[in-house]
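Two complexes are shown next, each including chain A; its partner changes from chain B in the first to chain C in the second.
Up next is the complex of A and B:
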C-alpha cells in the first residue's frame, strides 16, 4: 500500500474538506441547506460505489436500503417518541436486515438478474408504503416530530463531518485487503475463489457495509428534513440520481461518488431557472461523462489509464 | 361474467406485454444488450402517433405509422450513439461494458423522457384508436380496440417468428446470437445484423407503444414503469428466450388483472413483483432461461 499522504488526490480532498468546513462563514443558509442534502447523498453514493465499483454488482435499488433506514427511523420516532439516536440505530439495523435479505438472492444470481432483484425490492417497498398508508403516511409522506437541529450551520457541519467520517472509513476499506479481494472477485469470481478467498463471505460483507452506511445516512437525512416521502427517499429517480453521481464522480474511487453528488445537487440548483430543462441538461452532461470520460471526474483529475 | 371479463381483459394486456418484451429479449439474445431506454422508445412512438393526429390533424393510420417509424429511428440512434460507442470503446474494460451500457441507456431513457415532457408536457395522452366501438360477446362488453390490440400483437409476434426461423436473413440473426465469430467467418457483416436487429426492435417497441397509447394512454411518467415491466417479464421468462418471455407476459398480465379485479387496483403490481422475487430465489435463471 502506497503512502496516501503523497498522492495529489489526498491533498485535494483535504483542501476540499477545509474549504467546505469554513464555508458557512460566507454563504447563505439556503446554500448550506442544499449542501447538507448533497453530503447525505454523497454517503448514499459512496455506499453504492462500494457495492458496484468494487464488488461489480449493479445495484438498482440503493433506495431500498435507504428507504428502510429512513422509514424505520421516522416511524419509531413518530409512533413511540424514542430519542433520535435510538431511532437512527433502529433504522440502520432495519437496513442491515434488509441488506441481508437482498444479499441472499444476490449470492445465487449475478449480472442483470441481480440488478432486477434489487429493482424489484425497491418497487415492492414503494408499493407497501402506499398500501400501509396509515402507518407510513402513504403518498403524502411521513412527518417526523424531532429534528437534529434547527440551526442551518449545525446541520451543515454535522452532515459534513458525517460524510467525511463515512468517506474515510469506506475509502480505508476499499484500500484494505477486503476491498482488494472484493475487486478481485468482482473481476473474476472463479479465479478469486481459486486463490483461496471466500467470495461469498466478502460479497455478503460488502452488502452489509453498504446497507449500514445507506441506512444510517437515510435515517439521519429524515431527521434533517423532518419528513419522509416516497418521492424523496425511495422512488427510482432517487436511485438514478445516486447511480449517476457515483458513475460521474468515478467508479472505484469512493471520493468520486461524494464529489459527483455535490456536483449533481449544485448543477440542478444552478439550472433551476431553466425549469423543466434542468433534468434534461443534467442527464445529457452525465451521459457525455459516461461516454467520453468513463473514469469520471477523478479519472480526469488523475489521468490514470484504466487499471 | 366477471371470470370472462378477466380472461378477455387479461388476454389483451398480456398480448401487449408480450410484444413489448419480445423486442427487449431479441436485443438481449442477439447483441447481449439490456436496453433500459425501452420504455422511452415505446412512449416516443405513442407520443409521435398522438402528436400527428391531435396536433397536425392527420388520420389514425398515418399517426400510427409515424409512431412506429419514429420508434425505429430512435432505436437506431440508441444503437449508433449510445450502445455502439461503448461496445467498441477501448478505455472501458470488457467486463465493465455491460454496466456502462446499462447506465448509459438508463440516462438516454431519462433524456428522451425529459424531451417529451418539455415538448408535449407531462399530461397523459391517448392515441386515437384505429378501431372504434364495443363488441358484445356472451354478455361481456369488450372494446373493439382491445380485440384489435390482441390480434395485432400476435400477428406481429407471428411475423417475427417467421422472419427469424424461416428466412435466410433471420437465420443469420439466429446464428449471430449463437456465435458472432462464426457468422463473420461465413462472410456476413455482423454490423449489419446488429443494425437490422435494432431496427426490428424499434418496430416492435413502436407497435407496442402505439397500441398501448390506444389502449391505456401514456405519459412521460410511463417510461420507468414500462422499462421495469419489460425487464421483469423478460427475466422471469429467462433472458434471451422468446418463448419464456411470452409465457411470462401472460403470467404477469393475468396475475395483475386478477388482482385488480378481485382484490383492488391499488394492489395490482404487488403479487407479480413477489412472484418475481420467488422465481429469483428458486430458479435464478428464469422460467426457460439457459446458462
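Up next is the complex of A and C:
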C-alpha cells in the first residue's frame, strides 16, 4: 500500500480539519449551527459512497436507514426516557436490522432493481410514520426531550469529531483488503466470484456498514436538533441531497462525500436570499459537475485518474 | 500424461438450455492432472457455456461435474473457485485505480470480512507470481497504461494466485502477436508441468494444436469428435462443420454486374478497440446486386467490419457507397439511405409482438406499400405469419433469426448486411433460412454482405468470398476455390 502521508489529498484533509476545528473562534453561532448539520450530512454521504463508489450499488434510499436510526432513537428517548447513548445505540441497531431486511432480498435482484427497491423502502417508511402518528408524531414531527448540548460550540465540535472519526474509519475500510474485494465485486461480480469471493456476502456487509453509519449519524442528528420530522430525515428530497453531495464531492473517495455535503449546505445558505432560485442554482451546479467532472471535486483536485 | 489415472475433472451428461436454444447437450469431458485439453467449437457451439457451467457462472440443467471425485455442479462460483477451479478470462477488467501489484494481491486475499490488514507475506507472493508471468517490470503501473498482452498476463497471474488444480483458459491467444503467443504457450505448459489440469477453450484446433494433449470438438452443444489435435483435424464431421465439405456453388463472375466501379468500397480500414487491433488495413468491395460472403472465425473482425460500414465504430480509412463517403454520416442516416444490418445479436424488441417488430421496420413506408411488403415477407417466411401476435421473445432461435431478417427487409433496404445468421441454429432451421436467402438473391436486386463462420451456409449463395483472419483479409476468390485454397487454414 502506498504511503498515504505522502499524498496531497491527505494533507489537504488535515488542513481542512485544522481550519474547521478552530472555526468557532471567529464565526457566529448561526454558521456553526449550519456546519454542524453539514457534518452529519457528510457522514450520511460518506456512508452512501461506500455503497455507490465501492460496491457499485445505487442506494436511492439512504434516508430509509437514516430515518430508522433517527426515529427509533427519538421514540425510545421520548417514551422511555433512556439516556442518549442508549437511544443512539438502539437507533443504530434499528438501522442495521432494517438495512439487513431490505438488502437481503434487494441484493438478489441486480442492476436498477436494487435501486428501485431502496426507493420504495423510503416511501414505505414515510407512510408508516404517518400511519402510526401516535408513536411517531406523524406529519407534525417528533419532539425529543433530551439534546446533546445546548452550547453551539460543543455541538459543533462533537459533530466535527464524529465526522472525522467516521470518515477515517470508512476511508480506512475502503483502502483495506475488504475494500479491495468490495471494489472487485462491484466492478465485475462474475470475475470476483471466479476468484473465490462471495460477492453477496461482501455487498451485504457493505450495506450493513453503510446502515451502521447512517443510523448512527441519524440518531445523533435527532439529539442535536431536538426534533425529527419526515421532511428533515426521510423525504426523498433529503435522499437526493445526500446523493448529490456524494457524487459532487467525488465518487469512490469517501472524503469527497463530506466535502460535497459541506459545499451543498454552504451554497444553499449563501444563495438563500435568492429564494426559490437558490435550489435551482444549486441543482444546475450539481448537474454541471456530474456532466463535466464525473469524478467530482476530488477528481478536479487530484486529476490523475482517467474517467 | 498418465491415461490410467482418474480424471481430476470429470464431466458427465452436462445439459443446459437457454429458452429454446440448447447450449450443451449431454456433454462428457475428462481432464486429468498434468494434461492440456482443448475444447473446440465454432461460435455458438456451446464451448463457452460448458466453461461457465464448470465454473458455476451458469447452473447446469442436468449432469455432473466432479472435481477429484467431488460433485461441484450447482455450487456458486466462489465455492467452486475455492475448491480449486480457476478461470482465465478473455476480457480482463482489472481494478483501474489499483496498481498491477495490488490487482494480483486482490487474488491472493482470503474471502474474509474481518481481515482488514491483509495477509503476511502477501506482497512477496504477489511479486513472485508477477515475475513468473513476466509482469515484474510493470508492478507499480496502472492496468490502463499496460499493453494488451500484459493485461492478459495479469489475468493469468490472478488465476495462478489462487493455486487452482484445474485451470480454464478462455481463448488463450485472442489478440496476441506470434511472439506473445509463444510466451503465453510456455506459461500454459508450465501449468501442465506443475500437475494442473488445463482446459483451453478456443474456436479452432489449429490455434491450440501445438499445445494440447487432446482435443474435444463441440457443435451445437454436442460432442462431435475427440482425440489428438491431428485426429480431430482429420475427422470428417469436424471438416464438414468448419469447411463445408463438398458444396454446390453457383457464383456469378464480377464482370456480370452492371457497375464497373463496385458500389461499396472499403479501403484500408483500420479499427482499434483500446489496445487491440480489430481490423488491420482491410479493403473489400461489393458490386450492386452481388452476394459477398465474409468467412471468418469468431473474433476475426467480421462484426467490426459491418459496424464500421454501418457507422457504429470509429475507423481510419475510407468507406464509400454509390460514390459517396459514409464516414461523416450517422448510423441512422446510413440506415435510411438503404444499408441495413441484421446484427449477430438480433436486437429484436423481445417484449413486442412479431407484427409490431415488423411494423416498426416498415415505419417510413406508406400504408399500401407496407401491406404489400408484409405479404411478400410472409410468403418468404410463412412461420412468421402464424406467429404474428406472439411476443418476439417467445420465438425459437431460428424464428427470431427469420424475424430479424424480415424486419430488416421491411425497411426496403438496398444493401443488406447479415451478421452470423446461423449462430446457434439447428441444421433444419438453417436450411429454411438458406432457402429464403437464395430466393432473395434470385428474385430481388438487393446487394448482400454475409458474415459467417459456418462455411456450409456461406459458400452456396456467394458470388465471391473473402476470408478474414485476425482482422486481416487473407484470401479472396470464388466459392468453389475456397476448400482448395483457404479451407485448410480455416480448421
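Assume the second predicted complex is superposed on the first by the 306 of 307 C-alpha atoms of A that agree within 3 Å, B and C clash if a C-alpha of one lies under 4 Å from a C-alpha of the other, contacts with A are read in each partner's own complex, and residues count from 1 in each chain.
Here is the rule we go by: a residue touches a chain if its C-beta (ideal position, glycine included) is under 8 Å from a C-beta of that chain, and two chains touch if they have at least 3 such contacts.
Treat the numbers as computed from the prediction; the structure is a model and nothing was measured.
K.L.:
Using the superposition on chain A, decide if chain B and chain C clash or fit.
P.N.:
Clash: chain B and chain C overlap once superposed on chain A.
K.L.:
For A:226, is the partner it touches chain B (first), chain C (second), both, or none of the two (neither)?
P.N.:
The answer is neither, since A:226 touches no partner chain.
K.L.:
Is A:266 contacted by the first partner chain B, the second partner chain C, both or neither?
P.N.:
neither
K.L.:
One more residue to check, A:116. First (chain B), second (chain C), both or neither?
P.N.:
In the superposition, A:116 contacts chain B only.
K.L.:
Mind working out whether A:177 is in touch with chain B, chain C, both or neither, as first, second, both or neither?
P.N.:
So A:177 only meets chain C here.
K.L.:
More residues of chain A are touched by which chain, chain B or chain C?
P.N.:
Touched residues of chain A are more numerous for B.
K.L.:
Return first, second, both or neither, reflecting whether A:191 touches chain B, chain C, both chains, or no partner chain.
P.N.:
Touch status of A:191: second partner only.
K.L.:
Contacts for A:33 in the overlay, against chain B (first) and chain C (second): which applies, first, second, both or neither?
P.N.:
After superposition on chain A, A:33 lies in contact with neither partner.
K.L.:
Counting only touches as set out at the top, which of chain B and chain C does A:276 meet: first, second, both, neither?
P.N.:
first
K.L.:
Quick check on the superposed pair: does A:127 touch chain B, chain C, both, or neither? Answer first, second, both or neither.
P.N.:
It touches chain B, and chain C stays clear.
K.L.:
Between 59-67, 149-157 or 185-193, which run of chain B pushes into chain C after the superposition?
P.N.:
Among 59-67, 149-157 or 185-193, the clash with chain C belongs to 185-193.
K.L.:
Which parts of chain A are touched by chain B and by chain C alike?
P.N.:
Looking at chain A, the two contact sets intersect at 187, 306.
K.L.:
Under the stated contact criterion, what part of chain A meets chain C in this complex?
P.N.:
Against chain C, chain A makes touches at 1, 172-173, 176-178, 180-181, 183-184, 187-188, 190-199, 201-202, 205, 252, 305-306.
K.L.:
Going by the contact rule set out above, which residues of chain B touch chain A in the complex?
P.N.:
By the definition above, chain B touches chain A via 34, 82, 85-86, 89, 91-93, 95-96, 98-100, 102-104, 106-108, 110-111, 114-115, 117-118, 224, 228, 231-232, 235, 239, 266-267, 269-270, 273-274, 276-277, 280-281, 284-286.
K.L.:
In the complex formed with chain A, which residues of chain C make contact?
P.N.:
Residues 55-57, 76-78, 81-82, 86-87, 89, 93, 95-98, 102, 105-107, 109, 111-119, 144, 158, 162 of chain C touch chain A in their complex.
K.L.:
Spell out the part of chain A that touches chain B in their complex, as residue ranges.
P.N.:
Those in contact with chain B are residues 52, 56, 58, 104-105, 108-109, 111-113, 115-117, 119-121, 123-124, 127-128, 130-131, 187, 236-237, 240, 243-244, 247, 276-277, 279-280, 283-284, 286-287, 290-291, 294-295, 306.
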